[in-house]
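Here come two complexes built around subunit A, the first alongside subunit B, the second alongside subunit C.
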Partner chain A sequence: MFIFTLRRFNLFFFTMLLLTILSFSLSFLFPGEQLVNLTGQINATPEQLAVLANEYQHQAGFITQYFNYVSHLFHGDMGYSMASHLPVATEIFNRLPATIELTSVALLVAMFVGIPIGFFAAIYHRKTPDNIILGVAMIGYSVPVFWLGILAILVFSIQLGWLPSAGQISLLFEIEHVTGLQLIDILLSDSPYKWQAFIDATRHLILPVIVVALAPATIFMRLARTAMLEVLETHYIKAAKAKGLTFWQIIYRHAMRNAFIKVIRDVGLQFANLVTIAMVTEVIFSWPGIGRWLIESIYQRDYTAIQGGLIVLSTFIFIVHIIIDFVYAALNPLAREPRHGA
Partner chain B sequence: MARDKIYQEEEFPTPLMQLWHNFKQPPVVVIGFGCFLFLIVLAILSSLITPYSPVENHLNDLLLPPAWSNDGNVSFLLGTDNLGRDMLSRLIHGTSLTFGLSIIVVMASLIIGVIIGSLSALTKGVKSSFLNHFLDVILSIPSLLLAIVIVAILGPGLENTLWAIIMVLIPQFVHITRNAVKEEFTKDYVLASRLDGANSFRILRYSVFPNIIEKLISQATLAQSAAILDIAALGFLGLGAPIPMPEWGAMLANGIDLFYIAPWTVYLPGLAILFSVIATNLVGEGMRHALKVRKEN
Partner chain C sequence: MNLIDIRNLSIELQTATKPILAVDRVNLTMKEGEVRGLVGESGSGKSLLAQAIVGVLDDKWKVDADRFHWRGQDLMRLSPEERKVIISKDVAMIFQEPMACLDPTTTIGEQLEEAVDTEQLTGFFWQKRQQRKQAAITLLHKVGIKKHEVCVKSFPHQLTDALCQRVMIAMALARRPILLIADEPTAAMESTNQGQIFRLLASLNQLKNMSILLISHDLENVTHWTNSITVMYSGQFVEAGTTEQIFSQPYHPYTRALVDSSPKANMQIPSKSRLMTLPGSIPVLQHLPIGCRLGPRCPRAQQKCVRAPKIKNFHSQQVSCHFPLKDNYS
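For the complex of A and B:
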């Protein structure tokens, strides 16, 4: 387990190294002055620029400059947004929780819906339910997410009027900003309208979560189906059959657990894809998250914001990857210590 | 068709022919492949078969619904948009933009990816391990975010988005080529031609590539459905094709304000994207199925 952890942290370190190099080189690649791109001070006077150049050691070699940039990052200084003139770090940490909330709820929904359906399809392999599920899955991951979002708003918000179409919560409720995660903040607050606020926030969450979760859920369906089919071919299932267990006993006690582990391993890889979908969905549902902010930053040529957003969003994805790796290791002794196998 | 055995020697089909033989078995795949070819024909012939120019305004027929509704006009089969442009013509022209360009994008990144991938499969040690880690980092950044960063460097516009998507797609081709080439290099037939004195490039060209091409094609179909969705998404976000261009994503974004009074301006481009992605995915699905069948035999 110790070596497993060490290896993961080694990978994380290397990844962060590459990511910071990438983001540092972006300040040279973006149009305009490199120092201005890095700090976001577009209206600085020549004197202020001289101070900044000194602070970022602009005259020194690239390597010194890079380490200087990294030390600024460690102090939480990502420069100032060119559009709003607020620190990028503040802007990001006001918006990141909304994205974390949307993506993590969507990931859970996608897993809890997709994986059981995939198992179901595998159990009825090459029969009608399997074919129907495969067909639906094919449409599910082919549908363009922005179109799906618009249709969902038209049907459920405008025509049926069931669910709200924009934002995170109705403006009537005033929720204190504690963790930034809306649902947790509401539960922590001592407002008399706590439950109304909670229900309202949940209603706002439903449509975006469904739109984000659809494509990953269909991918999980296919992964779960393949994993289950593989497991049902193995020898220990045959042994269980030979012992005289019924089909459903085999499925519940042996096949499902082993197939689930195989799916968990691939969840991390799908997360980057899910974040991409969430970024577009945030634009459509006016969700106050980091994806919408990044896309707006492009319209405003806010290069400092794009740089900061790239680092924070990618770090978030890597952290989720590592968490999922640990969950996988916790569930599967084979991944933890090779001597359990073989 | 039965083939009379006149000649003594047996004819072995190439890997690509075997793939085609297995590929055409399931009927649904053949339908998908038919739709795929239909889209290619539309993309090539778009300027010949469309009734109107995609930017021609018919100011007397603004927001005309499709011909099957009561207010429709049969000379505008799928209706018109808010500037009186014929939807059918725009959709067909959009095929050559969204669908046609996605094929070009995938081919470009396939070629670049295969070159880098086979070079990296031939190198060993620190260089190769660095490249591997670098690719892993790039692969785990969301594709749209990477495309946004590249668009920010190059500036918005259709051509720049295409470059961005090419760059986003390259790592997966490098990855798959590298793994496939490494796998083939451990096999005996490669050893045999090495003992015959072939150098690495000759082995790559004559022994390895014919055997991994179907893996690359199957990856290319996956990449193409991603490319269609990315081109359309960037067009929708206003970072790709400029508004007057009949690119499907940009058309959708253009129709969004009129969604309630003229829903066909949003339904139709969305359906076009869905149709082309499904056709591409069906072809890819058939390809992977054929590969699996061949592996089992």
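For the complex of A and C:
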């Protein structure tokens, strides 16, 4: 298990190395002055620029410059946004929690809906439930997310008026910013309208989460279905049958865990996809997250913000990936062996 | 009374084009307390037959029999569910690759505990839990595993193949079966481990009067441990008799070839000469010959062999051949 952990950290280190190199090289590749791209100081006077050049060791070689950039990153300095002239780190820090909230809730919903349905389809392989589920999964996967988001707003917010269409919470509620995660902040606050606020925030969350979770959920359905079918073909299921266990005992005790292990690895991979979908959804639902901010930055040619957003968002995806790897190791005794824990 | 009496059991593989008859009207009878070997080349349908008896074949396979009696009870008249209840109570099976037959994510202990029959336990559920644990440990002791603390906590991949097979046998014993079907229990095992497993099975047979159907592709290997042998070829019944009969006077040309092909220590053959073998190889399922399936390879085949032979009885030795090697002995 120690080696397993060590390997994950090793992987984390090298991925971060490559990511920072990419982000650093972006400041050269973007049009304009490299130093300005890196710091975001577009209105700086020549004197200020000279100070910055000294600070970032602009005259030295690339490698020194790179390490200088990394040390700035470690100090939480990602430069200033070209559009808002605020520090990029502050901007990201204000927006990232909303994205974490949306994507993690969506991931959980996609898993807890998609995987059991996939198992169900596999158990009724080539029967009516299986065909219906496969058909629905195909449709769900094919629907473009921006169209689905607009349609959801049109139906549930405008026509039926059940759920709010934009934002994270109604402006009536004032919630103190503690962790940044809205739901947790509400529970921590001592406002007399705590529960009303909580319900309101949940109502705001429902539509975007469904829109984000739909495509990954259908992928999980198909993955879970294939995994379950594979597991049901294995010898140990046959042996369990010969042991005299009933079908549901076999499913519950042996098949589900083994099939889940096969799916959980792909969950990590699908998370990157989910974040991409979440970025589009944030724009549609005016969700105050990092995805919407990043897309706006791209429109405004805010190069400093793009670099900062790239690093933070990829790190977030990678951390989730590693967490899922640990869940996988917790479930699968084979992965914990040093020999197998690749 | 026969323990198990199967007459004309056929197994069909349902394919997209047309069904393939993988096992063609095979007979099998076993007495109580008997160790019977079921011998044949790979692909002769031995494992299929065993899995059909236990009822673990999936929907692709269609099983049909003229008679399927279990201790005098006609199982063909029962519904599949009722049949499964009776069979899973009295028949246990162990498989070829023991490690693949154990759930890789569950500890040995848990897997053993769930095999323990609930009817053997008494008291409330918290007492049952403890009893279940105890029963699992007793089972491990029965198959000769002394370090039960380590074994119970291990996952299958942490044990050796031979240990896994012992665990499989322990699981099979959990329901106190009357018949144990061992499907090549020692395939891919070292010979010392093979000996251990066979000795364990033999002692179970002698001490508990448990009948064993020992499936193997190696005739030589099973002779020490069996009372009687049934030979199959390409899904057809070939010959059945006591081990002595099969070895000293095989009536079927295939059995003859099988006995002759295995080298013995006291064999008088010139150096560098070829061992006796039949030409060709076992037919694939897609191209099965009609009639006696040995026909194309058989040294004694004649025109009559395109029709499947009827079973002939010689002193309780059954042989399915138009031209048995009857005149060679006597």
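As a working rule, the second predicted complex is superposed on the first by the 337 of 342 C-alpha atoms of A that agree within 3 Å, B and C clash if a C-alpha of one lies under 4 Å from a C-alpha of the other, contacts with A are read in each partner's own complex, and residues count from 1 in each chain.
Here, contacts are C-beta pairs under 8 Å (C-beta built on N, C-alpha and C of every residue); 3 or more make two chains touch, one makes a residue touch a chain.
From a predicted model like this one, the values you see are computed outputs, not experimental measurements.
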Superpose on subunit A as described above, then tell me if subunit B and subunit C fit or clash.
fit
Just checking: does A:331 make contact with subunit B only, subunit C only, both, or neither of them? Give me first, second, both or neither.
second
Look at A:280 in the shared chain and tell me whether it touches subunit B only, subunit C only, both, or neither; answer first, second, both or neither.
first
For A:298 in the superposed arrangement: first (subunit B), second (subunit C), both or neither?
first
Which of the two partners, first being subunit B and second being subunit C, lies in contact with A:76: first, second, both, or neither?
neither
Of subunit B and subunit C, the chain that contacts the larger number of subunit A residues:
B
Using the touch definition from the top, say if A:167 reaches subunit B (first), subunit C (second), both or neither.
neither
How far apart, in Å, are the nearest Cα atoms of subunit B and subunit C after the overlay?
12
Overlap of subunit B and subunit C contacts on subunit A, residues none
For the complex, which residues does subunit C have touching subunit A?
51, 54-56, 88-89, 92-93, 95, 97, 100-106, 114-115, 155, 157, 168, 171-172, 174-175
Complex contacts: residues of subunit A adjacent to subunit B
11, 14-15, 18-19, 22, 26, 29-31, 138-139, 141-147, 150-151, 154, 158, 269, 272-273, 275-276, 279-280, 283, 294-295, 298-299, 301, 303, 306, 309-310, 313-314, 317-318, 321
The answer for subunit A against subunit C in the complex is residues 234-236, 238-245, 249, 253-254, 257-258, 261, 331-334, 337
Considering only the defined contacts, which subunit B positions touch subunit A in the complex?
133-134, 136-137, 139-145, 148-149, 151-153, 155-156, 225, 229, 232-233, 236-239, 249, 252, 256, 259-260, 263, 266, 269-270, 273-274, 277-278, 281-282, 285
